[in-house]
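Before I ask anything, let me first share the structure, which is written out below as structure tokens.
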């Protein structure tokens, strides 16, 4: 019962935060909706990264700190290769590269560390992350590169009839959201309908059981890391198209951590919803809460989106450690 | 067998304890008592709830119903929702079925941790290791050395526990519990996985603890020979329920017990 | 090979439990300290002192602090630079507002403030562990980063957001020359290392290690998790806070909030992984490694006639760090300190292999 | 102050002297509860006083015997002295003897009082109580497990001392008067020698005998109160007792008792004795461990070790003897000392050894030279219980591997025409207790002790011992057959633990082999040879090949010696069980009892000479807990390669 009180109160708090700007009249409904949509867009990207992390965690119990580095690496690969070939070819080649990366990681990192403590694996992926950052930039360069998806960048005004002044929206954002939705649908199909997907789910449920029914664990890992690599590629392309391919993409993995805490480490829907909550929450806080704080405490600027996600996750942890959709763990003696 | 002392007063009373995980009842209205200085065994087929019972007694699990009372300062007091370290402070120690030693530490340090609840010097004194802190370390080392001597593990004092063979690790586990100077010692399958000689040694240690230190012993063990040999009284659990309770002879003759044991292959 | 242990028998527990029970180790340590206190200041160049030894000593202290938490108590932290920042800004503000206070007192106060903040962020560790705890410490990192960047009071309303410090004055002895800076740090680090070593071999240290190795068993034998974990957070943050203050005052002189960002946290973590988790000595190895590697990368290729571009060097550096982390986690999870211990054991058993 | 220590004629008087002269210096240390607990001489004297008074209070009288059963423990040594204070006679008994073996000495010496180390010893004494009704008092040192023993005879050491202190308070002058009443000619102690046949004999030694010999040797070696000795052998053996009781009482040095049998090696490393005694089998076991551990080393280290051991073999012993050695070799040896010898001495616990003795049986020359070459001053010693040990000692600088050195000052030696060594010395025993026949046989009217050892003086006047007079035999063709000589040669191989040679009165020599389980086990593991235990390995052809190679080398050696070329080993078998003192196959000092083994394994001996390839045996064994069981096995027999006599070849 106690846990329920906690979760309900956090929920109420979130909802209150969501409606507060409207209620207090801090912004016009149009502007509010614009911010909300912007948050959702950012959230989609978080979700994509978190999705990669959840996939890997489910199948191998590894929290992949390197997911951000993978996104950067994939985006860099595609961006630089696209300079010499059509984008679709670069993307396909990029996928191949990500599969290769998955194989190498499985061989050199996962296999020797099998059955190790979660924290050790976390630190190992931190090492992977550093290596890939350095490697990617050594191979592909460390400037800012762009990916052209061929979608016009200029914002369009929609719903001019509903809100006064309408809502400004980017076409590529919409494309990103669509791509993300498509990816999630594809993944769902993969997990439900293919035998490999079902095998992956079996591994997630019980490593030993999966092994005993004859599924080679090593291959499962390669597959799941490859899938995560492809997810990273998509995330990287979407992100890169929006903001340019640069080193800071790598840091997005840090944002994904609160997302998976919120959604639960093993839940795909959790990753999506968590990402959206963080995306929206962060934007809302930055736009509506930060000015209040700046004014009240005489701060040198806002920037609370830097920590908002973590503090939210931390609060969440204290009331519901397993996340929104995670399973409860019991210690056995 | 601690015959003459078996008839002590009740030191630990378990009354109507029910414990469930989700929908599964691990323990169902279990009641029994333990008298001072006796060797009390809990037996039962796999999954009968024996380890859960120990976990309830030392506070790792909190039962949904029922009470546990322990004699403290001369009177039986109920302890309710106590955390394991509080239970430890009240004088209940235990060993673990699957070795739960501190792998990164030496034999000596493992046993020294058993003294932790008796060590009180503050952080600053410890950091400077002067006066009381240094004295405290030495005092407790003396106590631990007696246990090392008692368990005949002098040759391994400074060996990391992970390097010891299994039988010796079990001894260290016992040593760590003894270092707490408990009034009640819970032993969770202390002889599991041992050969005959190791079992004999362990039996001797358990009886010596019971005899020389006057410690009350609650024992879970699969080896029926050992249980019948060294116990004063035996509780039998099956599917979380108590199906028998009495001296080894009584339990051996109990039809419900025989059925439970015939039902599973032993 | 150099060990002659015959006749070094102990007749008291005090002698048996001393920090360095073997005579040869004590001699080695004495010679090392003597050299560090007298030889190094006489011989070392300013470059060596300022660019290598000063950061090495401070990072070693910080790594020691982090090691107490991660290596000894088993509680992960990926946000320890935040507590360094707390230490640095606390010291800055104390010196700013109470200028007459001796810097040693300032150091201790800064450490205490860091310890308090550390405990606050350590509270979640009572309910969560592993990855979850990593999030709590990340929250500390980003929240503290933000705090020092945005709350103007902490930077004394400096328009640039960066702060600068005055020269430290200890009873009239000004810590201004490279040699003095080094000596001051060496003294502080020696004392703190000694205390850390004492702590980990006392009952508190055993409680930490028990929590790390088997937390349920630790609680069952009477160790209070609240006490063990929070003291670990407090002591660790204290050390790191002191290191942060020294980093700001002695090494940087002036700094902006970015000086204590998450990359520094990762660097600290790398130091203890490479150096050796659960080893004070390892913290020193790790710090030395982290300080020395960029310099080696700078000089070795140049000596071989293969000068590297700055960007390449920094990329190479992170690659090497990354692969070393993985290498050590796989091959020697206890890091360089373990290799040292094995080497020492080999010398003790020489000519036998084991 | 300056008491001439030579005027003190009994051990209690010596103790009083040390308590005065060096009361604060350590007398005895024991590793207990993790650290070396120390008794100073003053404390030692105090313990003894309380104990002696307690024993007196309980009725121990001058001339009566007190049995002492246990390992090296300070309190047991104190008990020894306490008895001597009262003029009673301590009789140390072997702690690893089984109960029945203890009955004879107790009956023989009519022992009424015993001090036992722990429950194990108490149990044995209680077991023989029915046959030893005179034994009325048993005191124990370690109370562990004895809490519920209700026997009237039992009492703890502490209670005995408490009674003593009370008695002392009531009879203030008693103790000092008793000590003063003691004379040099009084019996100081009685040691039972196991003997190879019949009942053990109680060797009666006086204060004068023990003190004189202890002093002579101490003077010769310049022992001082700064010396340190590790007491790790059975104290009932004079070979331990002389070094851990008589000599410290003479010189005031400190003895150290290990924590337990398992920790001896480690404890020795810690203590680092300066004065060391070890029978050859201990040195051999140590060397075996060294060889095995070195075999696990990397190839670089192994070749370094081999190289420097070769250097040591060449010049090490010469350097130790102070003989001239070229500068290049000196430099090499110095380097070797840093890289190999020094560290090796350290891991063996011998860094501080100034003087080390070996005795008890012949030592293989290679084994002997090994220790000397790495800079340990190991010397041979000759003596026995009957002679208070010190008869011959090799003086520094005159050490040879095949002699036991010249006589220690005060000893007269001569050989009979049968080459038996006779001894006359102040250290000779008074008599065999209650055994005038045996006494007369061993000690003639002129006071010469007949040792039973065969040997001769070498050109430098050193005594050279070959074998026991009665064991030296002849093959049927008349060739000299010295079984022990052959056995020792075999035992020098690390793989061979025991060997028993047969051949007296037969046409050729055949042997039983016991291999060294540790060495051969390791060897088998390295070759990935799976095995379940000794019995399994003993039947393996691979092991036979291994042993065969060792025998071949011995044969090659023997073939070089014209006298012994004919006693090369022709056939051998690997025994299916390890020879054991509990089965009577070895003496308590672990010498093989050749005659007994020959009888016990008669079918095997017969098979050796019958030319069979294998023989089936069943044997009774006694387990540690006293139960008996039987082993049955097929024992294989193999021929060994022999060589033509070298001398003969040369002649031809």
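Points worth noting:
Labels for the chains are A, B, C and D, by order of writing; each one numbers its residues from 1.
Note that a contact is a pair of C-beta atoms (placed from the backbone, for glycine too) under 8 Å apart; a residue touches a chain by one contact, two chains touch by 3 or more.
All values reported here derive from a predicted model rather than from experimental measurement.
C-beta contact counts were set side by side for B-D and A-C; A-C has more. Comparing the CA-atom centres of all chains against that of chain A, the greatest distance is found for D. Each chain gets one centre point, the mean of its Cα atoms, and the points for chain A and chain B are 48 Å apart. In terms of their C-alpha centroids, the spacing between chain B and chain D amounts to 46 Å. In terms of their C-alpha centroids, the spacing between chain A and chain C amounts to 33 Å. Per-chain CA centroids place chain C at a distance of 56 Å from chain D. Residue positions 60, 96, 100, 141-142 of chain B each touch two or more of the other chains. The multi-chain contact residues of chain D, meaning those touching 2 or more other chains, are 34. Listed for chain C are residues 12-13, 16, 216-217, 220, each touching two or more other chains. Against chain B, the residues of chain D that register as touching in their complex are 32-34, 144-145, 147-148, 259-260, 262-263, 266. Of all residues in chain A, only 63, 108-109, 112-113, 116-120, 122-124, 126-135, 137-138, 142, 254, 257-258, 261, 265, 294, 297-304, 306-307, 310-311, 313-314, 317-318, 321, 331, 333 touch chain C in the complex they form. Only residues 108, 141-142, 145-146, 148-150, 152, 154-155, 157, 208, 211-212 of chain B touch chain D when the two sit together in their complex.
Residues of chain B touching chain C in their complex: 58-60, 83-85, 87-89, 93-94, 96, 100-105, 109, 112-117, 119, 121, 123, 126-129, 133-134, 136-138, 140-142, 176-177, 180. Those residues of chain C that touch chain D in the shared complex are 1, 3-13, 15-16, 349-354.
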